[in-house]
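We just call them A, B, C and D in the order they show up, numbering each chain from 1.
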């Protein structure tokens, strides 16, 4: 078996940058079983992709993903492009026999996600989906404690994903407000992460019921939407927002636990306020992304009189991934979650084992999302497995 | 008009003690417009009520509430007895022309609550319900900021009431697990408070949908249930728990805001974890009861670059009720909320104005609770006003 | 032995109110071994003291403390008057054979404090000093954990007492700025509490060195200083501030621990910011008064990977004093510390045992204060026992 | 002027890795005015340095710093080697006309530091010292608010740097315990950072007085000290610890502010607990490194009733350095401070302006450290400028 892994990345914006950075750091901080080579980056705008290649450290660039996935010198395709092109790239890459890493959401809908899963399975390539928050050390520690039985039987999972960046009604009609491109609004963008964390930490969903809302129904259309000030857009024509600004839903898990979920872009003061809490028969866990180096842990098995939520700083050598970085207390950030997830994918490829979370997890997440959407449309509980 | 108010209290346990303490402190820290006289306390166990009278500072005692409400020297009846006797005492007191303060929940069901409201209105007596959490200074400050428009249009209200005192499966089958006495479990006991705060701060409910669960379906029956250790009860016969251990529900308010509510007795590590957050177009507010002297306030109108949630310590003389107590930073506790609410009731009587929250608020709260219960039974959204 | 304890209180302002409230609550929430009778309150202004007697629930009043301490029906004298009169009242009371409770600071200086101690010892009366912060349940729990060896050998104690109420240069020249009445500024008023907590939790001081500052050297003199707005005082004549606005000092304890202390009235944003942290060979403890129901506890003996500061909510029945109040999580406040300390004094009297903290603790605290003052005057370390 | 900057790095351990990572990220996230080329890394162990070169992305390697500083293709020498070799490398590099970046502490003592400053000034090369904590966005924001007058006149600065990694008496006698190599213990290692922050934020020191302690006076000597478990070292011979485990000191600043400093490796539970608070006439600021994306800001100019410490999440595009990274709320970590500081050094070189903090800041910091040490030796206050 060869000892290198040649990567081709599709996408050069927010996620493209996050992934490029992760690949650059992989070899420096971890000892992956395969040497990762940043072979090519791909994007439609040649000038931009060329600059990105240089800036981010890719050996070459492409402007056509069709060409990229066919290149013989590419072993793995990493899809960090907009959601509406995930499907065709992933299937094409799989058919070329490339391993595929795909950003979340896997696809715009459950049907597409299933086709993608089918393609990677049929072609026997490794596949992983970019639920990066699983890879915060504190989340990994939470998982470990649950698996060790420290929390006992889980009764409750509640999660929030709160942002506020679009609250200004003059904030423009960017692609994230367009159902055709984004697939979904707060639910698909933010809710997907907490749905995945719920599956990771608690287990499969049984049934759901939700409510959603588009608080600002029309927004200014501007030529080049990103980067303009809200003021500059006041006089612009308006277009319809076709996705949800906020979605809330309740859930029952197959193991009997109750879940509460809220994803919103209208929570003033919250920038990236992803948080969850788990209550079980033996203890509880709490995590807030904006203090991502910390995990709160309560054990009802602690001695009487000194029970309390412990603020664990998940930066000690004994903690997941921590020894690869800095000494205890020298905190890491958002971008490190990408290094961890890509490290795991490389290892899955190297050792010919299934990656985790894989496209199946992407499908399951889409299934929950569609169940929530259907529950909203029909005003009643939906069994997740019925979809 | 006479300048004293003679009070008769029914109940001598947790709430009886809290109310007695409040009456004792009223005259010392506030200057109520009527001098409050602690005339009589009433309870079924003569030995206990006699001791309570002496210990708590009541002039006399009764063992029959029927007698108490008829006493000529009683102007106001304060009902701090178990929920299942609220109705008959309140109606009898009203018919005797006594002002009535009643602990929450007003009654075991909406129908009874409405009869009670009818009785106090027909008899033109003042009436108030014991939603004491409204009277935490921080909650009053939250209300003030909302009323002043500081939060703008409200988009989200989310509230939790988390406890953990019954998580041990060997915890005995106390009256709170019996639907006939308690009316409801976590929903009525804990949920009622956050429903009331939602109405106080956000407005009326439009529709709701919920889910609930009784995690531990049977519990040991013991002669005298309170005070025994769990161990001592292990061999005892079992009885059915007929109320919910946890209830979660989603809501839409009439003003378009979305609400999320969770009341549970199975949240390990949380003792009296009542908390809420409000997100509006101009700002946000956050409150946690266990740090009840604090209010978090975010204003998106703060200068760019220095926006952030402010931790307001609501103990300065300028804050609600604070000047009656101690210098700034010298925190108050749970029991003070009772002093505040009873002070307001005395003032309502003295100035012949409606009290707030009154029985109507109790009815509205019961209406939401029943709507939630119905939504659970029917598995679909329920319009609150349809009940 | 008789089963009642007749109390005479000197002082009707902030401390007089706090003590009166405590005596009123004592019998209701605790079962003191002696029935406490609020016999008489004493103050110079007859109108005010008369009103206070009625409002606070004292049976009678006096306008002369000399008369009060001589009354046959008084068993215990509680001194909550300004610091400059503590000495003569305490000595007179002791000579009349009355038990004496005295607010901190014991006296304006060490010499006076020692005379007071001599008087109570010579007359064999019980004596206690009002270091009320010792009686926060969280502080008692801290002491318990230390005594049980949970913290191990103590290396560090650091304490802050931060306030900000006098930062406005137009804040008037109240008595607390006058060395003749107050004895000391931030050091005596605030520092005394953290010095006492250090002695309580860590042990005796060996040597100290400090620095202090009077940031605002002159302030407006106004007829009746309290209650006037700063604006109203702008044109007033100025008088000299003769006490410290802030004092910081370092200490070495006899057991080798290092201490850091800061008491200031110029810490913007801090209302009653008393806090401390202790680091020992086996763990750490942290306390902040403004969240007085909480204690942070770190144990390096917790399992690897789940070590962290625990947020103990010190409101469970198992915690010090907590069972006398409300259910777990139903927080208490500042005023409750006074109930606890006076309960302990009553028990000391009832069971003929030494109270704690007693006048000896007051003397030791004064000794540290004077050592700090001397270290500032001389610019060098002072052995505390040399005074 | 050429548009590249060729860097030679000395050191490949903790700091070498942190600097290498920073250089790799510089071009990707910032647009430095000079293209940074990672030319050569230097270390004594050839195998290790060769691997490091490859792993960290350096074009070449050297095993002799003397050779490195002489290489024509090196423009800037970055010294991340142990403290005891800083001096000779820095002087040699300066004499070769290389710009010099040097990790803190500048040297083992003030005299050496001054020689280094002389060398860089004489040779007119740019120089900077690695006080990386200045470059946390929250610290930069603090500086900005102070400079804008938002805090007013500063009264208090208090800072802690708390760690606990050497508390186990069996932790081996690593080089950091050897005065000849490390120069100083907690004071030089940890205290240096908070001294620098004090100078950055408050201003120059006037006088200081301190105390220190070596709690564990002897430790096991083991062949290869790092990496062995404490257990394995129990039987090893003992050697003397010649540096301080903890140093505390008080300070007066030239502008009249009072300072309190504590640096210790014996604060159980604290991993990298660097924190400070500043109180001024108009407001306060608080920072804790372990939550480095946050700054607490109190303004007494906020409206009455809503004053409180604001938790600013310093991750918005408007905040220092934040726009180079991720969207708001997507937190960064420890390593990012190195990117910022090295970016600034590159800019200083590109634009021929003084870097900040430069060797002069290193000298001033050493001056304070020596003044503290002298104050401890002599038991009295030391004027910092007297050294």
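As a working rule, contacts are C-beta pairs under 8 Å (C-beta built on N, C-alpha and C of every residue); 3 or more make two chains touch, one makes a residue touch a chain.
This is a predicted model, so every value here is computed, not measured.
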Chain whose average C-alpha position is farthest from chain A's own: C
Between the pairs B-D and B-C, the one where more C-beta pairs touch: B-C
Chain centre separation (chain B, chain D; CA means) in Å: 54
Euclidean distance of C-alpha centroids - chain A vs chain B, Å: 41
Chain centre separation in whole Å, for chain C relative to chain B (CA means): 35
Multi-chain contact residues (two or more partners), chain C: 270, 307-309, 313, 316
Contact set on chain C toward chain B in their complex: 14, 17-18, 20-21, 24-25, 27-29, 55-57, 163, 165, 270-273, 289-293, 313, 315-316, 325-336
Complex interface listing, chain A residues touching chain B: 155-156, 158, 160, 162, 164, 167, 209-211, 213, 215, 246, 248-250, 252, 256, 258, 260, 262, 264, 266-270, 279-284, 298, 300, 307-309, 379-381
Residues on chain B engaged by chain D in the complex (per definition of touch): 141, 145, 150, 295, 297, 299, 302, 304-313, 316, 318-319
